[in-house]
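So that we are looking at the same thing, I have put the structure below in structure tokens.
Note that the chains are named A, B and C in the order they appear, and that numbering of residues resets to 1 at the start of each chain.
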Amino acid sequence: MKRIYALEDWCIDCKRCEVACKVFHSKSKDPVKAFLFEQPRPRNRVRVEGNRTLSIAINCRHCPAPKCVEGCISGAMTRNPETGVVTSNPEKCVGCRTCVSLCPFGAVTIEEGPRHPIAFKCDLCGEVPGVPGSPSCVAACPNRALIYVESEGN
Amino acid sequence: MFETRGPREGQVRIPSGCAIAAIMDRSGNRHDGSDILKSIALMHDRSNGLGGGFAAYGIYPEYRELYAFHIMYESREARAQTEAYLDRYFMSEKQERIPTEAVAAIKNPPDIWRYFVAPHPMRLANSGLDEAEYTMQHVFHINGKIDGAFVASSGKNMGAFKGVGYPEDIGEFYRIQDYDAWAWTAHGRFPTNTPGWWGGAHPFTLLNWSVVHNGEISSYDANRRYVEQFGYDCELQTDTEVITYLFDLLARRHGFSQEMAARIMAAPSWEDIDRMPPDQAAFETALRTVYSSALVNGPFSIIIGSDEGLLALNDRLKLRALMAAEKGPMVYMASEQAAIEIVCPDAENVRSIEGGQPFVVQLDSVAAAKARESAENCPAREKPFRHEVEVHPRRKERSHA
Amino acid sequence: MLDYVLPRYRVLRDGDLCIQCGVCERSCSNEVHHVDEELGRVTANNGACVNCQRCVVMCPTQALAITRWPQVDSGSANWTLETMQDIAKQAQTGAVLLGSMGNPKPFPVYWDHLLLNASQVTNPSIDPLREPMETRVFLGSRPEILKVNERDEKLSAPLPPQLRLDVPLMFSAMSFGSISLNAQKALAMAARELGTFFNTGEGGLHRDLEQYADCAIVQVASGRFGVDPHYLGVTGAIEIKIGQGAKPGIGGHLPGEKISAEVSRTRMIPQGTDAISPAPHHDIYSIEDLRQLVFSLKEATGYAKPVAVKVAAVHNVAAIASGMARAGADIIVVDGFRGGTGAAPRRIRDNVGIPIELALAAVDQRLRDESIRSTVSLVAAGSIRSSADIVRAIALGADAVYCASAPLIALGCHQCQDCSSGKCNWGIATQRPDLVRRLNPEIAAERVVNLVHGWTHEIKEMMGGMGINAVDSLRGNRLMLRGVGLNEKELEILGVKYAGE
């Protein structure tokens, strides 16, 4: 499957990926509305860590054998067997944080949900859960520090 | 003689379309001018009455060692001045008015003379130049510096007959049926404005070269500025003139065969060169690199006459028509096939001359001699070239001023 | 002491569009922007802005624009704001004013006064989509007469070494030190892809770029940085830099803080020391000395590669160029006063040297007057801005051009002229690791290749329009040019006719 890879050599800590992610996952898809008006505030699922001299975007790797799916107690975290995309169903998530602690990449976060905190993670910008779209973080990266390429394994 | 003078070649650059034709007997037998006249006359519509002319090789066998100068004068002063100049630098064996016939269509012809001359031996020796360079230098002087005089041709055992009018009228005017030549070339001109100057008609000649040309080359100024480095003054600003000088530079001065000179002027494309075996590609690359400014670009078909024979060449893209045909020792070339068939209805091997492929017709005697010669070009280097004995940098008026 | 210097630029931020994402703050090495959480808005330190426009490009909502500082001047056409600010700056610091890039003053741009020809009726224009359209050129010296054996199709004597360029354009000298390694690498990659050459400048050849050495022209300049037999041996050609259009008569000074470990290794000088290139080469005080250096370099490299000599376009450039050809230079490079630099004294940059158009025309004509133009190659440099400029330069007489500012702009440069600060936000003119990594050479090389591909298509279109299918026939073909808005003297020097003539 195609996966997003983050290249620390070229990450420049600008966080345009975060902005793009937030906007894509907003209701309006408009940056101004998403950032200033929408409630609840949309969240970014990619996160740049580090500083100006060394930084990297942290993003879900959509592992072939995802620990998060294995550990999910409510069946919210699933891996689509055909596409390989790992997504969390907000309706089912109980916010137990098991996935957060199991993810070796720190790619899952807990954010405020409609009723209680729930798990958030990259869904490859799919319109339908489990179906990859065209990742907006990759498009927004000015320095090709995020690339979306076919990778070995499923 | 001339009341008014419109803009002339040399003052403006005048593009023109044309008809060209040539007939040659490879065996060296001579034929009068009636066939070439018929051939060029057929292509009447390709010219517009503003220029026509002929070059003929082998017409003065009795003076074959002497330079035959055909000179056109617009005034008595021009003639007096030129003859004084010739007297100074040449020894004249014979001089006479070229016989002409009144033709209704030919208006205001200049006074046309011919001189059979040899370079003045002492002045030649003092100049440090060889005979050809010396003669060329003085032809340039007459054409460039003596107002109202123009050297129509300056080769040995050859001559150019040209003027303002349709070629068939010009031929009649000069009575070219009265001359016997082993090679004839002809030109009918379609200039895009009306200079009406006899000197501007074609063939253009220099020493033994004569060039008839159809086309408008887009590399003109690149070629001009290349040859002008070497003492060729492009006074007329015509394509034919610069092509002649390029040919003279490559074939006479640099010692290339005419075919090689033509190959340089219509060099193979890089695409073709890249497909050649490495050795050949390196050879062609070197030629193109050293002679990149001698590449002639844009549409042209030319026939170059010399004491060796004829050479025809088309531009690389074959943007101008030129046909060739044979019959026994006779070779015919013309812009249109019909112009060949009218003089030789049963011509064989009728074909179109290919773009960028030199078509060489040599006298049998020349071809035999060439086969025995070394294949190395041997530049005429014993004596310096004209541009090498001048004071540098040359202070000349720039052409645009 | 109170600083009397005013800001030059002002950040215009559209409050309606600003989402306070902080991209601008993180993008600016001059620390202009600041997301003030207390105020709940983004503030700007306008005085620090150099108008590099990185923030403008990076802003996800296009909320930013940079404008001039709106201060009115004194009303005097003589004491302009800029003139007075220069005085204020010098009164503050007592220093020489520094600037970067080429001469920005409103001297005539002669390219813009030269129009191109096209064929109509009397000869056909050529469609580059249907017919081969040749842009290949070779650079090097040639004999006036080539001696060959026609029957064997062999040369009787080998041709001097030649550089093959598939496009009549090379990337001019920019040293590692003045630009980042990523920028140099991008140009190297682009040169390889395009079949042309990049120039290392006088900063040596970094070992990471040795894989591109065959596409490199290495410089031997007055500081002789990084020059050793290996450096001379691995490359395509060698260039002796006598002068540079942006600062004729002036040497170079790369301050010690820019001499990082990598720069130090590549330049072969101690880390942290100033890299000083003397104004003249101290072994070239005359033309005969140049000849010695040219031939020393040829000896050192077995006469296997061309030696170019680069000079700034100055008043007597035609005679100088002629001397260079006679001193053995295979390629003459003339750099006009709009040519860029990483740092130059501003008074020099703005007042010394002459336009490349006039210099090129004069040099080409002089070499022809002396019958040696076809034995040497001529390269024009100093602000070639478009494919049309290339066509004009070749028609005036150049074999090829050197371009640097245009490829840098392709890399992201916005001509803010602040290279000398070393804080280039585009990762080009800087050695700061956090800024250097902003220039991904892979993207940068693609952008340069795209630019040159676009230009090449345009050159082919223009040549085709003229009825020319090989760049050889464009070289020195000044009839393809006509002047507009030029006086007689300018036309004479350029060797072109007026439009309508």
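We adopt the following convention: contacts are C-beta pairs under 8 Å (C-beta built on N, C-alpha and C of every residue); 3 or more make two chains touch, one makes a residue touch a chain.
In UniProt terms, the chains line up like this: A = 4Fe-4S dicluster domain-containing protein.
The model shown is predicted, which means the values in this text are computed figures rather than measured ones.
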Centroid comparison with chain B (C-alpha atoms), farthest chain: A
Top chain pair, ranked by how many C-beta pairs fall in contact: B-C
Geometric centre distance via CA averages, chain B-chain A, whole Å: 80
Between chain A and chain C, centroid-to-centroid distance (C-alpha), Å: 44
Touching residues on chain C, where the partner in the complex is chain A: 16-17, 19-23, 26-27, 58, 60-61, 433-434, 437-440, 442-443
Chain B contact footprint on chain C (complex, rising order): 119, 122-124, 126, 131-132, 134, 136-138, 140, 142-143, 145-156, 159, 162, 366, 368-374, 397, 466-470, 472-480, 491-492, 495-497, 501
Touching residues (chain side chain B, partner chain C) in the complex: 13, 15-17, 192, 215-223, 225-226, 228-230, 253-257, 260, 269-271, 279-280, 282-283, 285-293, 295-299, 316-317, 319, 375-377, 379, 381, 387-388, 392-394, 398, 400-401
Residues on chain A engaged by chain C in the complex (per definition of touch): 9-16, 18-20, 23, 31-32, 34-36, 52-53, 140, 142-145
